[in-house]
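Chain nomenclature is as follows: A, B and C, assigned in order of appearance, with residue numbering initiated at 1 for each chain independently.
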């Protein structure tokens, strides 16, 4: 076993820099998730509209997100925007835009099916008690919807966090980029650094995502009962 | 949109697509096998193996494919294990896919009512025979929608293969943008490529799903009069 | 007269937390005999049947089949189960196989019999229950009564020595109950050894050689049908039978 390898983690601020890099990714995921939730609820409500045109547009939107890999969307925004909008979007901003675009679509679909699954007589009994539409949404519908959606939300967040690994390919300085810098810098002092650095990054992602997925399945079980 | 450019350069996309799909094919088959074996191990509750499978599933589902690939391609050589790009890509996809397929099969297996097992046992089937003849056919039929969704997911995941030095679709697009500055054309062909690959598959799977639902696989109803 | 095919000695079974489900049950079954078990819901009747079929473990006591002790932990437990057939309330046909497939699967795979012989017998049995035209159809297309008749002959094609029937008409609409019970009556006439759990009292009276009344996990009364239904000896049996009578309003 190479004994010099693991030293790379303890040299200087390497370890800390890796976490800082991961934090860049996490920030992007969290901001995108927040925006997606807000926009997603709105989209979900729009999707229950009776207009066929609106529903068609929404369907196309969802299909685009479903079919195209996130990396393709990232390329389109990152490289395409530079050409057409004349501005140089940073990788971070492109990522937030793409992830929000993606997250809103998923959220919208979730919200829509949650709204549909609430039986009509929930609305009707609210009306029967004399409540307005807004009150019904606020006190009856939305609370039930959020509770049901929580596992899926956390699931989406976890997937977003994993997908942020892609942004290294559009030039963002995040954990993998930092890792590569460390490996490069340690080329002579620690030739086996790559093993330890990528292994560590692997574990770091696991440490972040695993608790979330456990919470999500715990909540799912609670809801089933 | 420069049509001439598209006409000259689309073959590069075709080559890249063929290569990607070739790797994806083996990766997906492998992941289905891994998934089947893992779900069987979990169902049969084999002591040590079950724990290994559980650890594998958690590790694979909570880490990105890109990181798994970097580890395989850049990390392992430091331990003396050198794998080709194609092998890394196939193994990475199989590693990631295996856990998703396993969960799909497991749900299918769990949804076969236990009383089906009992009725088969009553006829004298051994546990293994019950698994092969009664549980697995029903489980696989029920899992098909999720398996199909997983396959589409895995094909989308192949977009990271350029990270392990494979000239895949993303690499070709990036290349054309960098060298020829034909951003629109390159991205256009990129999108078309993925649409051509995934739309037909998505439609076929949708058809398959509808057929299975029509076939009504599922537990026999115990509602009176049924 | 005939041999004792099944003997149960002091069977005790409990679920966790010392919930005794069956207390000290002792029971004897002769070949060709039809025993009907009746009793209030939840008193352990179905559990008892499942113990006989080695689907449930027992805490203490013995089950002897043709003189030999049998246990769920036996290595050849599946061989024993071939000889003790069971039909469930929810029919439990295999949805992924046609009716003919359902009938042939076990004889072919478990008993390793020849395909031709098995198919011939399956078709003969289908004819006995008037379901020949359903041979290539899937279970979901059948009515409850039809499914249950198939379930019965699926058990029969294995040539069991004993047939256990667990409330097989409880999930059926009244019109279908009769068509299923007719099949069972014919089996009794043909000399099949059976243990039947049922709520259908008229049927029980017609088919049983012995009636066993179980309440709260124990055998309260055992008698021939005539005696049991007309002159029940125990108070609890009387109360139970009364639940089936209504006073006119």
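Just so we're on the same page, a contact is a pair of C-beta atoms (placed from the backbone, for glycine too) under 8 Å apart; a residue touches a chain by one contact, two chains touch by 3 or more.
Owing to the predicted nature of the structure, the values given are computational and were not obtained by experimental measurement.
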item: Chain closest to the assembly centre - both centres taken as Cα means; value: B
item: Per Cα centroids, the chain farthest from chain C; value: A
item: Mean-CA-position distance for chain C and chain B (Å); value: 46
item: Distance from chain C to chain A - Cα centre to Cα centre, in angstrom; value: 56
item: Separation of mean Cα positions, chain B and chain A [Å, integer]; value: 21
item: Chain B partner contacts - residues on chain A that touch it in the complex; value: 2, 5, 66-72, 75-76, 79-80, 82-83, 158, 162-163, 165-166, 168-169, 176, 183, 191-199, 201-202, 205-206, 209-210, 213
item: Residue ranges of chain B in contact with chain C within the complex; value: 115-116, 118-126, 129, 133-134, 137-138, 141, 215-226
item: Touching residues (chain side chain B, partner chain A) in the complex; value: 58-59, 61-64, 66-68, 70-71, 74-79, 156-160, 162-163, 170, 173-174, 177, 183-184, 187, 190-191, 194-195, 198-199, 202
item: Complex interface listing, chain C residues touching chain B; value: 50, 53, 55, 78-79, 81-86, 88-96, 105-106, 109-111, 138-140, 143-144, 147, 151, 154-155, 158, 171-173, 176
